[in-house]
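Below you'll find the structure I mean.
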């Protein structure tokens, strides 16, 4: 809504960033230019150096227009069904993300319900949920692949989704624990005066009271699922997806492929968060929340 | 008064008190040590009584109401409601409780909020709709059924919460400062409404307030309480007739009772 | 048809062209096999996949296979399509390293993940410490690319003749600015890219028969790939799901890989095996394997295949 | 539900749960004969930890002290500082926040190879990855915290006609602290993960990430799990430390009063 | 009244009103459309006046106080404070504002909260200590200096917030329902205290309340307001003497004023 209002500041900041970026491109890539010149025994002029830093094929830092043109080449100029299209690869990552996200929501909500409804659950699960997030998932990734392989999962989608879910269940769980326990004493006592059973308390009070918390956690959670999907692709087995492309780009000395995949990932993550935010707004309104 | 429970059986059934509080003690254990919230509270409330509780902040008014509703368990003494324990009475759905704040569920419309107890108690769909309409009319909230709580003013919210407590026709109404945040004019209006309802339905009402005129205007019995430890210092039976126009408040009788209440209150503050 | 799952050591590339060719050209089908090829990745140890039941047969390097065997993962070499080693150390001339004597004190990039064994045994043969102590070399765990050399973070890095070496060249450094030490030339070559299965599975005759057919078809694939490097590279590209590989690079890789395949029938050459084991055992204070392995290979499969 | 948890229960239950999981793990490894190359038994992990204390210590210093801690303080300070600057200038807030949100959406692991390319294979590149990972949660939380004062609290300052600095020091920074600590809690676990992941893309021959990858290649999974254990222990300890400081510093916040 | 600003200059300096509100209009723009919170408000408050504002919820009492304090900018009309604009007056630190809720900073002790304005206004350390002690005594909170807000009851918190507003001796005290949540006895006590303070210091006080007796008891001038749009419907000058014992509330004069206020209020409700 306020987009028009803030368009100018955003553009200014982007312009400033571009200037810094171009400056850094020249500075960082010129080392290589000078090295090459020294190997060739020539002495390049400053303008030659500048123009060279803008078009290296293995730059330390590619110039913005290089990234944009690579993005253009691999999205618009490629058929969506082509493996070389970032859209195609993005959809693979997206699929993993959504499975992981769904699984994460399910796990997060279930754990939260156990934690809120049972004292033993709360005391024993909550600390371990926190500890689970301090374990470097990348170290577990291969084991997840192999174990899910051993358990008969045919595709890599399963282990990747598990990794994504591992990262995304936590924000949901934390928020839902807060949300499900957000009803105050009075709201709980009201139901007690009706002689309501625990079942009714859960569905008529705790669940609706937790909805704002639930929605608030979705954006964080989908971002986490996305990171999980990329990490999964990057570390389990570089077969397909944006994470795999980053890896292959890095492994085969094609930094432009890596940079393009990186930016595509950021754009995709941005879109995901935006979409989830939109869905959240719609649901919130449907539930009678204040239009904020 | 302590042998009241034994003598009870001998009385004719009609006069048996609806709420019988006898020797009730309640101590909260807190980090800072125990708080003696209620001490040796004795009180009988008969069917159709309108009892007001008045007393300084922290004297145990809310706590006593909660004990009656079975939301708090006394640490001593006995408390029966229609001969049952408060918990049993609660499970038998005897109470309509209006809390100190409106406490509407923000995710439900006004209609939905009023319907909540009906859903839980398993009324039929048509009955739910019928009753919601009826009680919303009673508190002058026709047409606001579809609105959400935050779209209403504070006073309207409080009226909705009263409607919610009335919806399922509980025998006993427990109202904890229901008009706390309202201005005098709205308050007067609601006082009249409550009196009307009470006169028509013969409900038993326990009512907490900070306002002396309100207590005197509404009640058949005024219970004055005093803090540290929370206890009853005076029980005043009102001689006012059941029919009470607003200007009864300028009558000599009224002013006299009000004086007695104020004195009781002041004594509590000093004590 | 019999199902066979092959676990590769690394991502889809011409290094594994023979298998993809056999798959694409229906050579496996002709042997009544239904083959699935699983690419590897940085984090996935093929041995683990084998152990976990995710694959029937894997491509691995002999040093890491033998090390795994000693660590309780009973893998057995059933065939050896790669005759020679493609591993080498590539140094920038300007760093001053021209012979192994110059290594001391400089930083060398090494692959780990089980690929470090040939390097370690070479160093211990040279008597150079790798633990960072005085007079030794400074070892850097090299990532997946040649950046440490280009950024001059290392004097030398590990490269394969068919892959990373050409990345250095493509980056704009000419061959005469580089010094290379091929493990083959240094006499420390160890066997690469063999086919391994779990020992237990070899008790099953049906499995052995299946493997014989598999190796046979694979070798046919390799032969075809060596003869048609460009088409083979195309096939590999088609199987690359990331779509990030380039044609130029894969064709060149195929050409280089063909040189390493040359002279192999698929059967393991026992002399090569003994040389590899000797090299790994000679690791001084910290040998890769501590005792001569027993039953780490079988020629049974290739024998069956030859019939 | 009304009963509040005693200190003893708060420790005994999670520890008991953990021990139960370990026990089930040990039993199933033994009963099903799971290969140690796939999943080592807890007892084997314990033995690996006991037997390689010097190695684990060296890795810990390299990854936690040099990589994670350096990145943590750099990213943390940068995040808070930028938040204060952005907060001062509405223009920056409007312009920078959408852009910052875009970058925050980057899967930072993807930056690890780039950071290794830029800052070399030693701990500097690890610290850089960590700093970037930590930066955004700190920035976002601090900004959120600075905005978390209610309008009455702000109006009070206005009736005193207090300046920007006074309002910042006496109202907004104290009010922001619970949020900053929240960011810090997220940041500590990210810091460890970031430092470890970055080692996957090139490292010296010590460090927890290095050890995890190499030992994995060697099938020495007991050592891998030993590192995972140390990492989780460190992460939990850091989290606990932050929570402890938080309790001390934001004792006034309702969430700390129970 | 619209030419009031022009005629002002001619008056003797002493009689110049401290707060001069003339034709003030304020419309809030909201998603649901504009809300006319204040319409053509005209009011003069002289030095030493004690002005009470009374009116139903949402009639703009808080908004008017905020306009006076320069926290809200009127969309029309002029408003001067000591001849300055409210913003300038605010910068000259003329206001002590007591908000509707206590609004103490939870990370500061009671003493620290009271000290807050003194720190900001640059009083010396000793002076700060001296003043904090003095005002805490004034509101009966000696000994609670080191406690944190949540360790005090609601009433004590409100008193602390009053102390905070008094600490720096502003000329103008703006109090928005400061005694809303207190019971009658405590309220009476604080009313007396405020009156004493006012009598001693000659401060100008603007005071919002819902209680008619409170308004009548405290004020020299009672402003009755009415909502939709928020406007002043009556301004009643009180003939009560400056010296006011509590039992003045039973005097005929008192009751008469109270009646007039109540009528004004009721009219506002109907209108």
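Lettered A, B, C, D and E in written order, each chain numbered from 1.
Keep in mind that, in the parts below, a residue touches a chain if its C-beta (ideal position, glycine included) is under 8 Å from a C-beta of that chain, and two chains touch if they have at least 3 such contacts.
In UniProt terms the chains read A, D = Putative aliphatic sulfonates transport permease protein SsuC; B, E = Taurine import ATP-binding protein TauB.
For clarity, every value in this text was computed on a predicted model and none was experimentally measured.
Asks: What are the chains that chain A and chain E both touch?
Replies: Touching chain A as well as chain E, we find B, D.
Asks: Farthest chain from chain B, going by mean C-alpha coordinates, please.
Replies: Chain centre farthest from chain B's centre: C.
Asks: Most C-beta contact pairs, which chains?
Replies: So the pair of chains linked by the most contacts is A-D.
Asks: Just the number, please: Cα centre separation of chain A and chain D in whole Å.
Replies: Distance between chain centres, rounded to whole Å: 17 Å.
Asks: Need the CA-centroid distance for the pair chain C / chain E, whole Å please.
Replies: Going by mean C-alpha positions, chain C sits 85 Å from chain E.
Asks: Using mean CA coordinates as chain centres, what's the gap between chain D and chain E in Å?
Replies: The answer is 49 Å.
Asks: Could you please state the distance in Å, as a whole number, between where the Cα atoms of chain C are centred and where those of chain D are centred?
Replies: 38
Asks: Residues of chain B that touch two or more other chains: which are they?
Replies: Within chain B, no residue contacts more than one other chain.
Asks: On chain A, where are the residues touching two or more other chains?
Replies: In chain A, 60, 138, 142, 146-147, 150, 234-235, 250 touch at least two other chains.
Asks: What positions in chain C touch 2 or more of the other chains?
Replies: 42-43, 45, 48, 51-52, 143-145, 147, 151
Asks: For this entry, which pairs of chains touch?
Replies: Pairwise, the chains that meet the contact rule are A-B, A-C, A-D, B-E, C-D, D-E.
Asks: Which part of chain C faces chain A closely enough to touch in the complex?
Replies: Listed in rising order, the residues are 11-12, 38-45, 48-49, 51-54, 143-147, 150-151, 167, 170-174, 177, 240-246, 249.
Asks: Which positions of chain E touch chain D when the two form their complex?
Replies: Interface residues on chain E, with respect to chain D: 66, 69-71, 90-93, 95-97, 99-101, 103, 105-107, 116-117, 119-121, 148, 150.
Asks: Within the complex, which stretch of chain D touches chain A?
Replies: The contact residues of chain D facing chain A are 1, 3, 5, 9-10, 13-14, 16-18, 38-39, 91-92, 94-96, 98-99, 101-103, 105-111, 113-114, 117-118, 189, 192-193, 196-197, 200-201, 208-209, 212, 216, 221, 224, 227-228, 231-232, 234-236, 238-239.
Asks: Write out the stretch or stretches of chain A touching chain B in their complex.
Replies: 186-187, 189-196, 200, 204-205, 208-209, 211, 287-290
Asks: Spell out the residues on chain D that touch chain C in their complex, using ranges where they run on.
Replies: Residues of chain D touching chain C: 35-38, 113, 116-117, 120-121, 199-205, 210, 213-214, 216-220.
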